[in-house]
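Shared chain: chain A. Partners: chain B in the first complex, chain C in the second.
== the complex of A and B ==
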């Protein structure tokens, strides 16, 4: 979600209500004998407002499950989640009079801080990363398909080398592995396209390069250490290899370079995707814990 | 050679949506796990029957033992929903506080709160109740709840006229805008000078006493000190004024135990006795140098266990007359010279010539002699301005009974009637440079004592003297000053101590509470 002009109203509203709540709190804390507390009526009002703001923010998850529900667009809920969730923090701080209190309230306050901070960080990431993705990953694909795409690229590389060298590459179980991954083994190239073994100088060298350098990288593209993991390293590597090859093989080398580049983009997309969504692994579970403990706190605080 | 072509359906897994991607599965499971941990945490405390989880903050020092059991104090559930008023809500816990503390503090049985604030006695008890917790705020840290911050006092005392003036007729009997102890007394918000000094009121004592004469006799031509029966002496402050326990004997006591005998300073607050100077007592402090002589009458007034020969007891005029009558009657009845005209001093009444007169006439003559002698002695005691009783005591014109009325000395033993002060604690103060005795130590605060010549002089140190130490620290190194406590409650107690029968804790005691009297 990008932070664009559609957020202006929400932002101004949040700032206004925070300022109003601050003014009320200052007056309340000055005029209350013994200072502000969570169990006074004003303190409880802040707590109640904070409670419902957190509850509203938590309902975003439910709203996402009901895609067709006509209760506001998903983007409206998302904006509300962002700004009202942030507004809940000052409300709860005013409710608690800026004290962490006992064990339960300390945990609650800590959770709220982590959730709000992670949420703000997430919002900023979601604003920034899509632009980075567009710039850096030209071959973007559905993230759920990336592993399949890795296998596709391995199959493609296998077939390119097969076509360029006349024989299937002697790669350790690669054909079976590909078949297992995507249910379809590499296809034998059309004879018209095949450069028979011995027709071009350097076919052995190309096969070795495939076996020793390209294949390990394509099998484990996320592992750092391969020269092909960076575009600079890949360019240097391919430029070096192509020098000793017959010009007939240059096109095959170029295809392999493209395949490696595409693999790198997929890896980059995975990284960006993890950054874009990884904070949710903290944000959402802690929100669930917050909801549970918040209800317990509300009941028990009123009880005592 | 181009890259091998594939149809899209060959490239993609068309059934990918049937299975959640790993990061979504992780989100779901982590969410369930977090909620489960939260529930388990709460359940664990419930299983242990501990409510410590719901503490709203660290408990105070004395209440940490209650941390596992909130219901000890919070014994009424959902008080917030039962009481609209915050004070009433907090006040509903008062009985829980008093279930332990009732025997150590005074409290109004109607409101179950402290006697302090002036409230409308006609108002319902619930409106007059002041919650213990409004000042003794629990759950704010490991601290002592009796270490009250000034803001609890200041919330009313910074503007008392507005707070209670509607209930006060005429000029309010208080200084209305106090919010701090240290500072310049001219500032309305700073504690003013002590009232007796500020209002320039005289010492209410009625005993004529010249401190300068007693403490600095060299200024009266007695360079070696006052003349006592034991020779010249230099008086020290603690020859008359002592607080707390002391094993030192009284140097000028006669017919009184020569130990640290002191009278209670205040009858209503015996537990405060050690804080204040003991009362001045003639037998203990004065009698050695100021015997109550009657002229040359050692033969007539033989004395007894408590009165020396030739003297009268230090008592009321009526008691003195009774004593004289007894002593003189015994004398006239037993003297071997009775019946003979004997030479007498000019001030003495000649003995009656009894001769062979009939017994009735003899009795009449003896009685007449006793009466006349008593009259002479009483004139000796009561009519001399520079000696006798009037040397120290005031006496209005003779009353109808014929006996003088001696004005009670009324020496205050407690000067701060709205505050407490402990001389015992101040004994520990370092003596001024060059001081060789406790006298200099006393003078360091009571600087006027050595120069005071009139009873009306108030020798109480001004508040600035207190502020020398009772103020925030200032200066550094050896020149550091201040640093002693200066909170309101350090001097002003909020609760009145309960009467002794409260300590019994019985219902009878509860039905007869101490009368309202703000400390």
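== the complex of A and C ==
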């Protein structure tokens, strides 16, 4: 979520309530004999407020499931999640009087810290990464389609080499692999477009380049190590290969360079996507655990 | 089952199935509606298909004549009993002449049994003696006298029923438009007081039953009957809760009649109707290669003429035929068309009756202007067949305001406010010869437009007789004037070449995703899926970029909604809030999907193949589309492109 002026109201509200809660806490800690504790009325009030703030933050997930209910837009809930979730931390700290307490409360406090920190990190990532992705990945697709796109690009590369060299490239079962991946084998190029084998100098070299450099990269584009995995490396590689090739083959090399570039973009998109959403793998399960343990803590505290 | 691809393509000649017969020109002209065709028309009638451009088909009771959604390129004319008698007479004459020739040419064959003659004709198929083969076939085709006698009896019964119809029309013209069941019900009502009238009504109803040769029906995948809902338990529960309200909305705005490619419109609640002898159906399929708009099944054993486009065109130029079709339309469909226009929805029966009998039926050729901007307003039109383009002259060409099709009204504004025409209306003409690369099928070709013209005097008379009508007219005038003002404001917005290239200015509710805000969480797509009972998304988060915005593939509610052109069953139209609506009687022909330049309409398997388009979540409480409402990052917006870009773009 972009952190911009639209958050101003929420931010000021959070700051105000934190300040107010701090003032109350200071007065409460000075005036309470034996110091502040969680089981006093004021301490319990902080705990209750913190509990409801966390509960509200947790309801974001449920809100997403009920699209048809017009109970506030999801962006409103998201802002609430962000700011009230953060506000819950000082409330809980005031509730606990800055002490970790027993084993259960220690776990709860640790969880809360991790969740808030991961949430802040996530918010910052979601503020910054979309812009980076937009700038760096011009050929974006939905992430679920990326593996299929990789297979399509492999097919395109196969067909480009086939057209440029007159024969289907000898590439260790590549044709079958493509057919298995996308259910459609590379198509035989139109005879009018094909450069027959022997018509252009360097067709052998192009086939070798495809087999030894391009294909391994296209097959495992996420593996680091290929010269084609970086933009600079790819430019150097293609500039080197094109030297000595018949000008008739230059278009094919250019096409292959574009295919590799698109593949690189897809890999980049996946990386950025993982960064953008990866933190949720930590944030969501821990949040759920926190909610459960919070209830356990409340029951135990009230019972005993 | 593998589909026969070749069967989907128009052919140059029709096939002959068992029980069918070719129709030589001499026999064809014995049929009433073909009578009066000049010899000159013969070559045009044959076309590339030779004698096989028109075929006499025999259907048994229950046979499917054509099926809803199937490709179609022929029209059918249901033969009358007197046509059949004439054909029998022609065959009888041909058989007599053939017998006389055979006695001279091949006396040993003349006395043979008809079946044997047919076998011999088949044996001689490879020989060069074509004349002998023809003589043998003609002789073998001699009609069965018993069959001819039965036809003659049937015709007498029909004549009696026809005389009852005439008398009924004289007693009360409103009886003419009633169906057989309604006539019987009326007969029961008046039995005690007017036994003679009851008898007439019953005879007329019986005659209708005799003349009803086919049943035309439409399968409607009504809302709520779609695929099982998708999503999690909570989502399903919530959908169930909100569905009842959506269903109410859908029901209240539902249409009364569905236009089909035939001489009758179908009632939405009971989409089945009768086709009578002497009627033509499949005209739009034949002319435009539209898929069949409904399923037609033989209600009793009957004969039909199936014809290719060249034959139909010849027929439509024939005055006798045209007059007959106009009569049928006036009797069976016109009242429904008028009733489905909001202005006439609550009009009393006598007003509709007056209109039905006094309006003019007019025909316009493709591209022909119906009326021009600035002309004095002297009439309103209801579209009977075809598509009309409504446009205004603008700098650098024309600006399309709307496309109107069967059952809609044009030209009422001028009569309402007494001003000259404020737009030009022309019979819509597709660019000829273009092929759609995606489908490989021919683009829809233009065809003539048929209109119902209500003259200014008649219009004023109705306003005088029916005050409520006048009030409605004034209300419509105000709405249209507001729409026009809004549209004119939009037209003045400035835009760059890229905006134009992407067609962004078309968008009245263009969806934009701010990519610097969007975290690619796909909540918008999930919201779309959850909002619709069929579990199909109307939004694909893919498309071209414009600056930091993604233009996803979803309906943008175009100013020029070309997707609406050519729907064979009129199931695509604008909803109450301007959203594009595809009704549940869509036959899945994909013409709208092919016409949409932005790939916003997709074909989905939703209780049968059906076109699916974004409805802007028009059934939600606040009118905010779910995709926008569900975006947690305020990245998705729906906006009027003209306003948005005039505010955000620097004018150069």
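Here, the second predicted complex is superposed on the first by the 304 of 304 C-alpha atoms of A that agree within 3 Å, B and C clash if a C-alpha of one lies under 4 Å from a C-alpha of the other, contacts with A are read in each partner's own complex, and residues count from 1 in each chain.
Keep in mind that, in the parts below, a residue touches a chain if its C-beta (ideal position, glycine included) is under 8 Å from a C-beta of that chain, and two chains touch if they have at least 3 such contacts.
All values derive from a computational prediction rather than experimental measurement.
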Side-by-side fit of chain B and chain C on chain A, or clash: fit
Partner chain in contact with A:276 - chain B first, chain C second, else both or neither: second
Chain B versus chain C as contact partner of A:143, first or second or both or neither: both
Contacts of A:102 with chain B and chain C, given as first, second, both or neither: first
Contacts of A:9 with chain B and chain C, given as first, second, both or neither: neither
Partner chain(s) touched by A:292 [first = chain B, second = chain C, both, neither]: first
Touched partner set for A:198, first chain B, second chain C, both or neither: neither
Contacts of A:247 with chain B and chain C, given as first, second, both or neither: neither
Touched partner set for A:126, first chain B, second chain C, both or neither: second
Chain A residues touched - chain C or chain B, whichever exceeds: B
Smallest separation in angstrom, by C-alpha atoms, between chain B and chain C in the superposition: 8
Doubly contacted chain A residues - partners chain C and chain B: 142-143, 277
Chain C residues within the chain A interface of the complex: 232, 234-235, 238-239, 241-242, 515-523, 526-527, 530-531, 540-542, 545, 548, 620-622, 624, 626, 629-635
Residue ranges of chain A in contact with chain C within the complex: 1-2, 6, 62, 64-70, 73-75, 77-78, 126, 129-131, 133-134, 138, 141-143, 273, 276-277
Complex interface listing, chain B residues touching chain A: 1-4, 6, 10-13, 16-17, 21, 23, 26-27, 30-35, 37-39, 41-42, 51-58, 70-71, 74, 77-78, 80-81, 84, 86, 89, 134-135, 137, 139, 151-152, 155
Residue ranges of chain A in contact with chain B within the complex: 33-35, 38-41, 44, 99, 101-105, 142-145, 148-149, 152, 156, 159-160, 163-164, 184, 187, 189, 193, 251-252, 255, 258-259, 274, 277-278, 280-281, 284-289, 291-293, 296-297, 300-304
